[in-house]
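Please find the structures below.
Two complexes come next, and they have one chain in common, chain A, joined by chain B in the first and chain C in the second.
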Partner chain A sequence: MTEPAEPQRITPLRETLTEPQTELPRVTTGGEWGRYLRVFLTFARNSLIRDMTFRADFIFHCISSIAWTAMNVGFYLIIFRFTSMIGEDTGWGQDEFFLFLATVWFINSLVQAFFMPNANEFSELIRTGGLDFALLKPIDTQFLISFRRIEWSALSNFAVGLLIAGISLHSLATREEAAFYPSPLSLLLYGFFVACGVAIMYSVMICLAATSVWLGRNQSLYDFWFYITNFSRYPMEIYNTPLGRPLLGLFTFVVPVLVVVNVPARILARPLDPRADWELPLAVWACVATFGCVMFSRWLFRHSLKSYRSASS
Partner chain B sequence: MAIIDVQELTKSYRVYRKREGLMEGVRGLFHRDYTEVEAVRGINLRVEAGEFVAFLGPNGAGKTTTLKLLSGVINPTGGTATVMGFVPWQRQNEYRRRFALVMGQKNQLWWDLPAQESYRLHQQIYGVPADRFQKTLDELTDLLEVKDLLGQPVRELSLGERMKMELIAALLHSPEVLFLDEPTIGLDVIAQHNIQRFLRFYQEQRKITILLTSHYMKDVAALCKRVVIVAGGLVQYDGSLAGIIDKFSGKKIVTLQFADGDRPADLDRLGTLLDTHWPKVKIGITRADVPRVLAETLRDYAIEDVSVEDPPLEDVIADLFHQVS
Partner chain C sequence: MSLASHLPPIGIGQRLRIWSIIVRTGLSERIAYRGDFALGTLMRFLPIITQIFLWGAIFNAVASDAGAERDDSQRIGGFNFPDMVAYFLLTMIARAFSSMPGLASGIASQVRQGEIKKYLIQPIDLIGFLLLSRISHKLAYYVVATLPFAFVFFLCRGFFVAGFPPPHVFVAFLGSLLMGFLIGFFLEASIGMISFWLLEVNSLLLIFMLFSFFLSGHMFPLTLLPESVASVVNLLPLKYLAYFPAAVFLNKIPEDELATEMLIEAAWLTFFIVACRFMYSRGIRRYSGFGG
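This part shows the complex of A and B:
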């Protein structure tokens, strides 16, 4: 049998590669942090390009998110037609509560924009073996799978949160009784504890996603997220009943999602002084819980990768 | 020192045996039967720098699992392995900067974006300086003739074009060791040929070490001097491609062109009749018997032409796979 003639589509290769194999020089500007920042920005950029490609989907997503927020706002406005405060003497009047709600939107939108699509995809990467490629890259695997995709449309709720917070703060500052402006320190602490809240939610999500390695499939992430955020989106005073206390303990100390919104919202919605005895320890606990959650989730994630089996080629 | 050194590498999986039917499904909620599947059962392999080695074996032989172990994607059950002095499954960044894995059936580029966006991401992840990145990209896109496709979303590319893009992604950081898992799977003859030519040229120029798995014998014949046959999770053969026939084929194919006349009834006494288009007959004959049988044939019959050949490599390997499995 003779070899078929070489197809005409194949053009001759160039004579030689211009550069011989040498030690690959590496970009060192800004060190490792600089590299991680650049990768993150490229992820953000690529996600934006992708979202723009499917612009109708992007716009629908924004509209549906904002509509859901508007329905919630309407719902609580109705509630406040029947009561002036959530619970007796809790300090959660309408303006304060809407600041609380704004904090919920901030944290939710940040988690949904940066982590939710990635954590959800992680389960799929494990099932299909797509995680192989993430494990090959010379960069922290948890970082790589946590920030791969950014859902920019989820940030529309962040903008709505800003609007609600602005209106509530203005209303607090101009009301006749006990008007106040948050101090710069309050704003600084607020930002810090919102970041802590996002970190706690991220950790819970990573823990849940990591279990996919052992379960093979874990599609309950969105459901679980909905259950958890349902608990965290109300002031913790409402759990102060005989039936609610076990929940209060569970969601403050074991899965500390109650501190996620409560701590920052409480700081912004009232003057820094005076404060109840338990508020400072709660804030300190929020810091400890954040650190603990991040460390535990990282340990669990790394541990889970050891059991990764990949999937058929 | 060998660039890849593998000693008694094993990998086994616990697999859930699901039985058929609803009742068995319900039973499976409470009690499950597991079996151990030994994908790799003790592989030994040494590869020197600059070698282009083919990994052959039937489906499920453990080829891809071995590549995944050497890439650090999965952890082994036992044994040791080093690549460039690194233990792969420790996943050190220093190691991961210096090798690449291409899987013909998996896609690492962003599906909805043009390949150039994924390449930019690779540049950031591997920390390749911009000028160096541009030069390498120009060179590779030029070689693989895909410059015009860089701006096209990956999902709109043909399979052959996509594989070229995947290869570029794997080579942008100039790896010293390259693992290729069926890079030409599903490609047409021209696309296969293009990829083969590129790989051969690139390997000759850069002197990198390549481990290739493929089911296409043409890939192997075109690219690799050394062949490792894996079956049943073990290395069954390690040597040259031609050596496979010597070692595993006990037969020669003898083609006889008879002079016109009636077909003799006792042809099968010569050996195994493979093909008959009278007056041309193809017979499989045990190597040691070839001289004797040929002498007898020439004595007893009127023969116009004779040829003696080795059996096709594909057939020898298929027989070998069949025996092992």
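This part shows the complex of A and C:
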């Protein structure tokens, strides 16, 4: 150890961190991926059992998140009473915008179902020293703390998103002016970029969670998350003003939350051809940004674990 | 009934001393984490930035629908673009007064866990204690939040096109903020009192918060609602938590209706004070505490 002044009991922890799995026997067959998949399915099953134990609570959570969605839909229905579009000549009319909103809902519900409860728990693990047990398990720590709990009730918003998307697509296909069906390729690309969006949001969350190792406690994790992702919830054209362009640049290239919803929603809301000349580079950038975010957050997370000092005993 | 009623009455001097101790304890509780606190306050303005851009885009589209350039003549629900931004900034002030994080759930958990019995045996009134601690928390909040608020309002001064309101409107604005604080307190305390009957009020509270977010005017000015809905929402007390103070400041309440509106607000406040007191006195009769 390079810092002799540190307490002795930290040493074994650090060793498990750097060389976690070499000594441990492989108990299962079917390869590394199969093992992770089985562990994940066990987590999913446990969470479902847990949710079903408190069924009234589960149903209530579903109802309240659907009510929240209904209020957002209501808000935009009110806005579209006064205007035909969000932003001048942006193409975000009512049908297109509701597709955008459905995309926001898909991505948020996935993040809330799979990652949010775990990230919240993570800062608690740091504070109480419970992370020791996670570090000692013969499995990747980031995997373990990212997927341990699944909040199934958050997926009710995914269903609502499907409903909103279904209605808007139907309306787009049957309207009098410029009606169209999205091609199978659009749908495929849409699914791909929604997955990219979820990955970017997950990375932002892991970065925020990693900071709680240094801060000791990160009570306002959810607040931070909300304030940052708040920028992703609207079409990026609204920032296209002299004052907004720095923000547009910041949230597209540095913290790329703007591509999360904008890229997939844009693919589905218009026919694939013709497209403005900046849309293809933006989609390519979304792929690059996803890769970069995942790698960076992984690096930051592993780096932060090195500063972890157990809080127990 | 509470044991406290059998004790000799406390003089006004002692009572003031108790009150000042409660306030001072609350203040020091809050000032302890001032750095985190100031940062949190400043962060709360971030959503305003997106709001400004969103409404800018909406007003641009409204102007272009009408075949005009955007200026201050386009109005949505009686608000032009600068009004709208000023509105959202002012509702932040209103919410700083009327929001009561943790009040109802705190009462509920005290009832559930039996902590409430300490108010039954000590000569301290639960509602009074909670009100005083809330006042001290709010005071601490204003001390820390004044600077970030002043900074943001200074940056956004251009949106207040009508300038500062005349003195009597400003007095009404201050009055509506103060009553907003008290309505927020007694309304949420009443919800907390329900826990004497239903042990679990968190779900009820969540529903209330959802409705309050939508119908208090926190999300958008209530004048944007369709006529039929607006007429019902205007009868509810929720608008005093956000919409009303902002509308008063921006002169959106006609001068001749201002006094009546303030009286209605005072009536709602009285109603919630009585409701809260009544439920508390009924509640502790039902309540039974066990153990030490």
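In the analysis below, the second predicted complex is superposed on the first by the 283 of 313 C-alpha atoms of A that agree within 3 Å, B and C clash if a C-alpha of one lies under 4 Å from a C-alpha of the other, contacts with A are read in each partner's own complex, and residues count from 1 in each chain.
Assume a residue touches a chain if its C-beta (ideal position, glycine included) is under 8 Å from a C-beta of that chain, and two chains touch if they have at least 3 such contacts.
The structure presented is a predicted model; accordingly, all values stated were derived computationally and were not measured.
Going by the contact rule stated at the top, is it chain B or chain C that touches a larger number of residues on chain A?
B
In the superposed arrangement, which partner chain does A:I139 touch: chain B (first), chain C (second), both, or neither?
First partner only.
Under the stated touch criterion, which partner chain does A:T83 make contact with: chain B (first), chain C (second), both, or neither?
Once the two structures are laid over each other on A, A:T83 reaches chain C alone.
After the superposition on A, what does A:I49 contact: first (chain B), second (chain C), both or neither?
first
Touch check for A:I238: first (chain B), second (chain C), both, or neither?
After superposition on chain A, A:I238 lies in contact with chain C alone.
Quick check on the superposed pair: does A:Y227 touch chain B, chain C, both, or neither? Answer first, second, both or neither.
second
Regarding the shared-chain residue A:G129, is it in contact with chain B (first), chain C (second), both, or neither?
first
How about chain B: which of its residues touch chain A in the complex?
13, 64, 68, 71-75, 91, 93-97, 100-101, 103, 105-106, 108, 110, 112-113, 117-118, 120-121, 124-129, 132, 135-136, 139, 142-143, 145, 153, 173-174, 176, 181-182, 189-190, 193-194, 197-198, 201-202, 205-208
For the complex, give me every residue of chain A touching chain B.
Answer in residue numbers: 4, 6-7, 9-11, 13-14, 16-21, 24-28, 35, 38-39, 42-43, 45-46, 49-50, 53-54, 129-133, 135-139, 141, 144, 306, 308-310, 313.
List the residues on chain C that touch chain A in their complex, please.
36, 40, 43, 46-47, 49-50, 53-54, 56-58, 60-65, 76-77, 203, 206-207, 210, 213-214, 219-220, 224-226
Tell me, which parts of chain A touch chain C in their complex?
57, 60, 64, 67-68, 71, 74-75, 78-79, 81-90, 220, 223-224, 227, 230-231, 233-235, 237-239, 241, 244, 247
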